[in-house]
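All chains are identified by letter, namely A, B, C and D, in their written order; residue positions are counted from 1 within each chain.
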Amino acid sequence: GADLAAYCLGLGDDALVLSHRLSQWCSRAPDLEDDIAVANIALDLLGQARLLLARAAAADPAVVPALPEGSPAPDEDRLAYFREAAAFRCTRLAELEHGDFAHLVVRLLLFSTARLALLHRLAASRDHVLAAIGAKGATEVTYHRDYAARWVVTLARGTEESRRRLLAALEQLAPWHPEQLEAHPVATRLAEAGVGVDPAGTADEVGAVLAQVLDEAHAAWPEAPPRAGVRGRAGRDGMHTEALGLLLAEMQVVARAHPLGRW
Amino acid sequence: QLLEEQFEAVVARHERIEPRDWMPEGYRRTLVRQIAQHAHSEIIGMQPEGRWLTRAPSLRRKAVLLAKVQDEAGHGLYLYSACETLGVSRAELTEMLIDGRQKYSSIFNYPTLSYADVGTIGWLVDGAAICNQVPLCRTSYGPYGRAMIRVCKEESFHQRQGYELLMTMMAGTDEQRAMVQESVDRFWWPALMMFGPPDDASPNTARSLAWGIKRNTNDELRQKFVDMTVPQAERLGVTLPDPDLRWDEERGAHDFGQPDWDELTRVISGAGPCNAERIAHRRRAHEDGAWVREAASAFARATKEPGRD
Amino acid sequence: GADLAAYCLGLGDDALVLSHRLSQWCSRAPDLEDDIAVANIALDLLGQARLLLARAAAADPAVVPALPEGSPAPDEDRLAYFREAAAFRCTRLAELEHGDFAHLVVRLLLFSTARLALLHRLAASRDHVLAAIGAKGATEVTYHRDYAARWVVTLARGTEESRRRLLAALEQLAPWHPEQLEAHPVATRLAEAGVGVDPAGTADEVGAVLAQVLDEAHAAWPEAPPRAGVRGRAGRDGMHTEALGLLLAEMQVVARAHPLGRW
Amino acid sequence: QLLEEQFEAVVARHERIEPRDWMPEGYRRTLVRQIAQHAHSEIIGMQPEGRWLTRAPSLRRKAVLLAKVQDEAGHGLYLYSACETLGVSRAELTEMLIDGRQKYSSIFNYPTLSYADVGTIGWLVDGAAICNQVPLCRTSYGPYGRAMIRVCKEESFHQRQGYELLMTMMAGTDEQRAMVQESVDRFWWPALMMFGPPDDASPNTARSLAWGIKRNTNDELRQKFVDMTVPQAERLGVTLPDPDLRWDEERGAHDFGQPDWDELTRVISGAGPCNAERIAHRRRAHEDGAWVREAASAFARATKEPGRD
């Protein structure tokens, strides 16, 4: 139960936190079509987050924060709004502050390429809920990845300025990418049980997809070492960047002010 | 002359004028102004609610709000397209918005100050918009009327969602009920102002009615809105902040007080609580996105001409 | 009691909220000397805020938010950290989001010129606490005003770019200035009692000081109407901008997560 | 030759070298590198704590933190001035910081994740800095030594404040105590790394000792820090996260485990949790301020030449 809950929280928090970051772009995109597309991606990820948080709560009710007697908040909201930053299990890539539009599409490419490989395999999970989330999510995330890849290529080959920005975003974000593919004891155990997916096993596929996109973008993967954690701990262990605490301060403010509220 | 007669005849039969048809220059200008203002309102209207996307207090509400703000972008898109059939490009319209030559609905120059505002905007602001817009589905210009049909359908969905949020909050804690009342207190008068100045101070109304662009006067629509809203407020359990509001048995309608028309004038002229911020936000997004749009054009050109890449 | 409390909250919240905005500049100023100067001004204002909030609590304990039994939070912290935005009484000028350094110095000029005129008069208050706050504060705010005025003149007459930015900031902020000088029933009643100061009575002096600075900056006061409130209500009535709620979400997050905490 | 003998004699007598004195080029270079690194550490060190200025949970703590971060800017200022006496300007040093040619203390590449970190940084990080710096008050280069005297005085004040914050929190709720422990767990090892690599892996130490720039080896200082900190941790009621930590009666000192030197290498080489963000923040502030500094220079020139204004 505890492993499954931790695993679902990881995948759920990734989706929740990146969805939140994407929602911050709302009314700020370069064109209306992109405003709509980015909101759509944010909505898909939010949907995945809700299913995964609910699955986590069902797998191990102990992960759900207690609220005062009488609070009508469902488990998904308790998990989203009443956990401290250190209890979140997202990878750090998902939580980084936004930069420009190049930053948005590069992060989305790295994120959705890794997630898609994972969701495809998750569709074969022995846990029926996870299998369903994997199958449905893969369809959605395929679209996200294609959207991001199209923009990465466009910006890389558009103007000098757009190429400069695209490469800068790639350089900035590449060191955060490996964390997504790191083996983690929880995932490893669940993979052995046929329930979860070991992200390390997707590394080749993910690398190949990224290589193809970068090739079309006439760009190379930057030579930058992965970002260190603290004493080996990173996002999946609750060791986050400074950005997450600020994100949660804003995200949780209304819910926490009204623990007995109905929404 | 013949063209003008044909045009008048189509309008008189309540049929549609289409982009290929001849139309008087004034008709075209009025339409461009009105459709653009409407499109701009959708786009600027993303901001006050969008402010709360990052603070929505439940994941369900976050999804509902995100979908709604996305719909507004979609409405902007249809309406800009309708306007483009009259020969003005979206880029030109955006320029006119951010340099202040074209307006948007004054309601969006008021701040959103609590999550209840998301509900109140749905209930009152979208409600007022629907009163304005339902008749526009029968407007004489085809692309505008068809866009309005789609817009209105989604707007009434939004209105129901807003009302449902307020209903839910009213069933919550005392603080939540107070939050809803405070929000309604703030938005009631600005919502009434959405129908524009009183008829006797609205010089363009007659012309727009004659052309079939508008179908009702400002005061008619305002009355309809008040009559529709009062019972909804009762069901919700909030008080509308108008001591003069009462049912007039004889008229079969509600009497109500006057909004602060001076405030409306100030807000329309640019001195509202949020005017400068709304435009600055739009301008920043537009300018920040310029390099992306240029890159997309450059890439499209390059990939169309295989020799150049 | 209630009037005096409301009045002290107004002046205290002005100082608290602008101090907070200034602290956001920390490690971001154009030069180390300015980093130090801005932090110093933020500290002075924070000090004024603490005295004024404490005075408000003493004048009318009913304004202090209740906390769970056993909370050791002093009144100043209850007022700063446990009020909702609508209970804050600052003028909207103090709470606006930061722009560039020109925005910082123009806001500081407008704010400190108005505040200085007020503090000078407050030094003669029949309330000894307010009189002391007025006397001490006037010395501090004189320095703030001079710092701001010096930079306003420097930027206005420095380079083309700095002049453009300075004038843009002036244009952006001028419409928020009149709210600082508006008569308000609370202040009017307290002024009649010889306790508070009616800001409307300082308008001439404030105008003269600003005219002198702008004259030296070779700039004119922009022709822009004052910002409307909502149905006549503005900052002193708890009707704020959208910026305040976000500011408080961040400022209050730790304190509110630990209502029984000791710091 | 004579100059070099005089220089050696001054250093041998533990007196001060002053800016006007002759000094070996290597001495100057080493000093510039060390003082600059120290100055940069103060400036970059404003960020991790500065992150919490806007979230300080009481007004008193907000004032204390603001004053502390301001002091760090002041320390940076003295130290840049000391460095300028060696013929390198602050602008040049800033350029070398933001393009990565010069370093700053690796500790600031770790994130601050709770308000307890403000206390822990005061207690452990400033504590370690003091161990490093107190001997530097007797360093052979005059301006550096005098700057250090002032810096050390303020640093010990900061250290006491940090410790006092943690003491207060430990007397608070269970959540607060857990927050303190978690913070100490995160910062203990990075604090030990602040003394640099072990002596046998620190090639420059001997030269610096000979020149009187340094007064103790890395390992000596690290030992001193551990011995000083263990009883403080006990009084505080936290556990230092080192299973090998124990009192060695024979040595009259604590045995302790080794930090993760590979992690230190990664962090120093730029791949730490926050390196890129710290430098980007500094670069942005520097670039955003360029127009202001230019305006100040232009205005100063213009007002000095009365003909031009």
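Please note the rule applied: a residue touches a chain if its C-beta (ideal position, glycine included) is under 8 Å from a C-beta of that chain, and two chains touch if they have at least 3 such contacts.
In this text the structure is predicted, and so the values were computed from the model without any measurement.
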Count the C-beta contact pairs for A-B and for A-D, then tell me which is higher. A-B
Greatest Cα-centre separation from subunit C belongs to chain A
State, to the nearest whole Å, the distance from the C-alpha centre of subunit A to the C-alpha centre of subunit D. 36
I'd like to verify one number: the distance from the centre of subunit A to the centre of subunit C, where each centre is the average of its C-alpha atoms, in whole angstrom. 41
As a quick test, compute the distance in whole Å between the mean CA positions of subunit B and subunit D. 57
By the touch rule stated above, which residues of subunit D touch at least two different other chains? 55
Among the residues of subunit C, pick out those that touch two or more other chains and give their numbers. 249-250, 253
Following the definition at the start, I'd like every touching pair of chains, please. A-B, A-C, A-D, B-C, C-D
Using the touch rule from the top, collect the residues of subunit C that touch subunit A in their complex. 84, 246, 249-250, 253, 256-257
Which subunit D residues qualify as touching subunit C in the complex? 43, 46-47, 50, 53-63, 66-67, 69-70, 73-74, 76-77, 80, 90, 115, 165, 168-169, 171-173, 175-176, 281-282, 284-285, 288-299, 302, 309
Quick check on the complex: what are the subunit D residues that touch subunit A? 48, 51, 55, 110-114, 182, 186, 189-190, 260, 263, 266-267, 269-274, 276-277
Subunit C residues touching subunit D - in the complex, by the definition given at the top: 16, 20, 23-24, 26-36, 39-40, 42-43, 46-47, 49-50, 53, 73-74, 76-77, 80-81, 100-101, 153-155, 157-159, 161-162, 165, 250-251, 253-255, 258, 260-263
Subunit C contacts subunit B in the complex at 85-86, 172, 175, 224-232, 239-242, 245, 249
